[in-house]
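Chain IDs A, B, C and D follow the sequence of writing; residue 1 opens each chain.
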């Protein structure tokens, strides 16, 4: 840490990597991005130049070798996470890792062990926890405003399906899309999931069936504290990105709906009309990405526990695997059956 | 009063008369409609039959002569109010009178004197005071929730203009339409108006100009307690009946918007869409008509002051006359200049 | 039918019976309530007097014997429905019957047969179908505005639990409370349910457990047309009666939320505040009761099919029985397993 | 312009100067902030260091002398604008100037002449025009969605009064606060104001009276195209910054309300509760500041007319002076009386 600034390296400069670089360079004076890495040299150099980052390498190990670097963000493809995580822990770097850590429970467990042994921070990029809407209702729940949660309802629909090649390697809807909602569920209810029932179907595009996946699902969760909940997902909402959460308890209920680009009302002779929700996660969750990186820097500086740790990264995958098993076997599945 | 029921007569069975008869006969067990009167015998008999009212006469004096009748509702045209009011007071009947009492300050004053002398109740039909929305914010203001009112904003737009022949004899927009808003202003602010500035123009239909009237106006009110307020009126809102009120003070602000027939949201690829407001006063103010008649019966039974008395009826006309003078002379007019 | 009016008898003058009598007598000129029946003579006579109904009897058969009576409304307790239905069909009366017809599939089937044989109309009192909110989104779905439904979400929470003795004989939450939502689900999706998964628990009051019932449930429905849906129920929402429905499809989404007594906003230094939803079904569904009876009279007059027929009454019970089986056996249950 | 980047200088690094520097340095790659100036050296150097700006001087003329600088932003106190504007025009720099240009019509006119003569762009910092809400309804109006505007309503209330010393030199509420609303009025209605009536009073704090100012006002505007409008202002809204606009026309109505930090609803046994509006202009108008600077850079690059030009800067002051005259003389004032 030089001049009180955290030396930072970013590995992977694709879509999400750029978001973090932008925030780290332009919005977060507490960090100093010293180095970036990506296997695609052209894009890497473009980004380095744009953000005046002095060092860039196609080999991420160079980032880990840099003694001025205190922390890294892993923004490369999921299949590369495992090795980078082990290497980074061994190099003593604090680690921010995009979700999911990995799709294998065994590997995630090893990562958690490595990180603990190395004594470095590991934060998983469940950015939605840092969205002002979801954070607000979380805080109200934690403050006891609704009492112990009884029922959770999450609606989470993407504006449109990803390309088929993405679907084929995504791990399936539960591990690619619902995984965010599983994390949100644990975050809001404040208790572990013990059982999952998932009803999954293909209504949007037969491509999903061909890829061995589903596009429309309902998941029922049971929590350790007795709460129950639903998640409904669709790969395509024609009206845009639909992200809503509601938590109900004996003392009240909290919910949040979608953000819109403006709040205008237009009244004419056919009705009252409003703008559609913000279209996708880059617009919808802008603030959350900045807030999560702020939280990561803070936990390093203050040496406090990671706000979204390895266990959080693990449990969302565990629930996803249980959901997939449930959808295939058409029966409720206990978490203890998969982990 | 027989069997604890108030013997009731209704004079005038047009649109608004029917509303009151319906409520009195079918919804208000505390009243017994014994007699109705109207100059149009055919309509009169139709209504008498429909509501099983045993007595009907084209001469309203027969209603006043009926010793079983304790109270009457005057729902005939405005130009007939004055004489009926004097006769009814002389006959010792409690009087519910549709707004306005009359358009002449002198005549209204005489009515108030006659009513006081006779010791009967006079209630003026400013039904909007009994609308659940407006009542709610009134109650919050009275409870001190916003402190002393500082600013009032009323938006009041009709869905479409009345026929030209109506306009010609209506007394003009300020005495026909804004009069409701003047009463609402006094009701919400809880203080008398001391000055009026009215800006009036014709933007909807040149017919209004020909009739010596306006169709689009802004009125600025100054109140005795220091508050100031605006009223904006239009004779035509293509999206329906627009009735909103807001009161602002040092401790907070209250407002109400329009009621809609349902609260559905429809999301498609062009936006989010809702139903238009309820289209006109018969739908929008249904509940208020029932509530005002309930209040009238109650003030008779409990011998409490009329909730909307002669002074209320007078002041709304006074403010209307001042507004008309202001619009014509293009300057703020003190209430003391007209009354 | 005398003077074009449907001769009407009402059997059972408890809470819901009174609602129908009030509407039939005071709001629906197309009907003439000639006779009412109830085993409790005192209440019966009070109601007969209040509504000036000339004939009242503690024996419902007298109503069926009356040749002037064209149609009846069965508003007595559920256990009496079956016999009255058979007798009424035999007497050739059109029948409006409160939900549920019965809790036995066998008996309901016999009722349907009897009614068909007699050639009389049978309408089941699923009043929520006639609520302006739910009707509006139904109409939008039928009009193709969202395309074929993909996902349905119903939230249905009562303001507070019924008394223990009611719970013990109610048939359980799925047949007493969720039954309305099962009917709503079929109504909105426009397709039959083929499978049910119900997760049921006790979080509100241990009394439900003692009574062998649950108080908090999530039900997942699968429909013949491929749609899937959730219903979440709670026996107690501290903020009032919570009744919301959402239907999502490829072309859009529709939803409705709760009705409130007024639409005021109050802004102070702690937040923006609104009124709670209307507290319970008598206030919330007032309009729906009038609309459903209007629809019943219309189907008799125009000799059109009953808008909510025996099959509708049957299927909601069938789904309820499947849900109960699912909750007990902790697995998804096919409708074909119970019917 | 080097490397296609506009060489930029910022004069004045107080609150608003910092906003522009932040946007120019971190968000707008099309500009290169080469130099900043401020009379307070300490703050100047702090900012220069923070944003890695190589050159800083307490004499703004040094900025104008710098040949690499194409455009400047004037963010110093209002009394300094005039001289800097003349000097900058003489130096051939494009000018972004915070509102108001000056409080003297004569001086503003000279600035406009100087700018025209020099052939440089002048953009005035009416940032609210670039707020997504206000821009949206402006665009709908321009697209003819409501027809020709008939009525405009602006509510504009600050969360709390400024310090007394600020009030004494601010030029009064109409030139300091309502000036934004005058510009908004012209922007939304798309027509010049021809007459002003202002009712002004002191209800918030007697300090305003002592300072010869008001704190609560209503302004009525008449436009060349026949539209009429209201603006209501208060120096203190306990619930936060209240910024709403509505435009009504023959084909419809558009309005926008306040932005909130989140859209949560909290239901408990006392009501439904929401977050307060964003508290003040730095949070509320964040996006607008970025958008306006983007527009300024674009008009330079594309050599298009300034989106908010000298005339816009002039007219808002002219209307403000007319409003002040009206409030003092208690009568409507024609714009032609002051300009």
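Brief remarks follow.
In this text, a residue touches a chain if its C-beta (ideal position, glycine included) is under 8 Å from a C-beta of that chain, and two chains touch if they have at least 3 such contacts.
The shown structure was predicted, so the numbers you read here are calculated from the model rather than taken from an experiment.
Averaging Cα atoms per chain gives one point for each, and the point farthest from that of chain C is the centre of D. The pair with more inter-chain C-beta contacts, choosing from C-D and A-C, is A-C.
Counting the residue numbers that touch the partner chain, chain A and chain D have more than half of them in common.
Spacing of chain A relative to chain D, judged by their CA centroids, is 39 angstrom. If you average the Cα atoms of chain C and of chain D, the two centres end up 58 Å apart.
Averaging C-alpha coordinates per chain places the centre of chain A 43 Å away from that of chain C. Residue positions 237-239, 251-253, 267-269, 275 of chain C are each in touch with at least two other chains.
In the complex of the two chains, the chain C residues touching chain A come out as 150-151, 153, 155, 157, 197, 199, 201, 203-204, 216-218, 220, 222, 226-230, 232, 234, 236-239, 242, 248, 250-253, 330-332. Residues 26-27, 29, 50, 132-133, 135-137, 140, 145-146, 251-259, 261-269, 275 of chain B are the ones touching chain C in the complex.
Across the complex, chain D meets chain C through its residues 237-239, 267-276.
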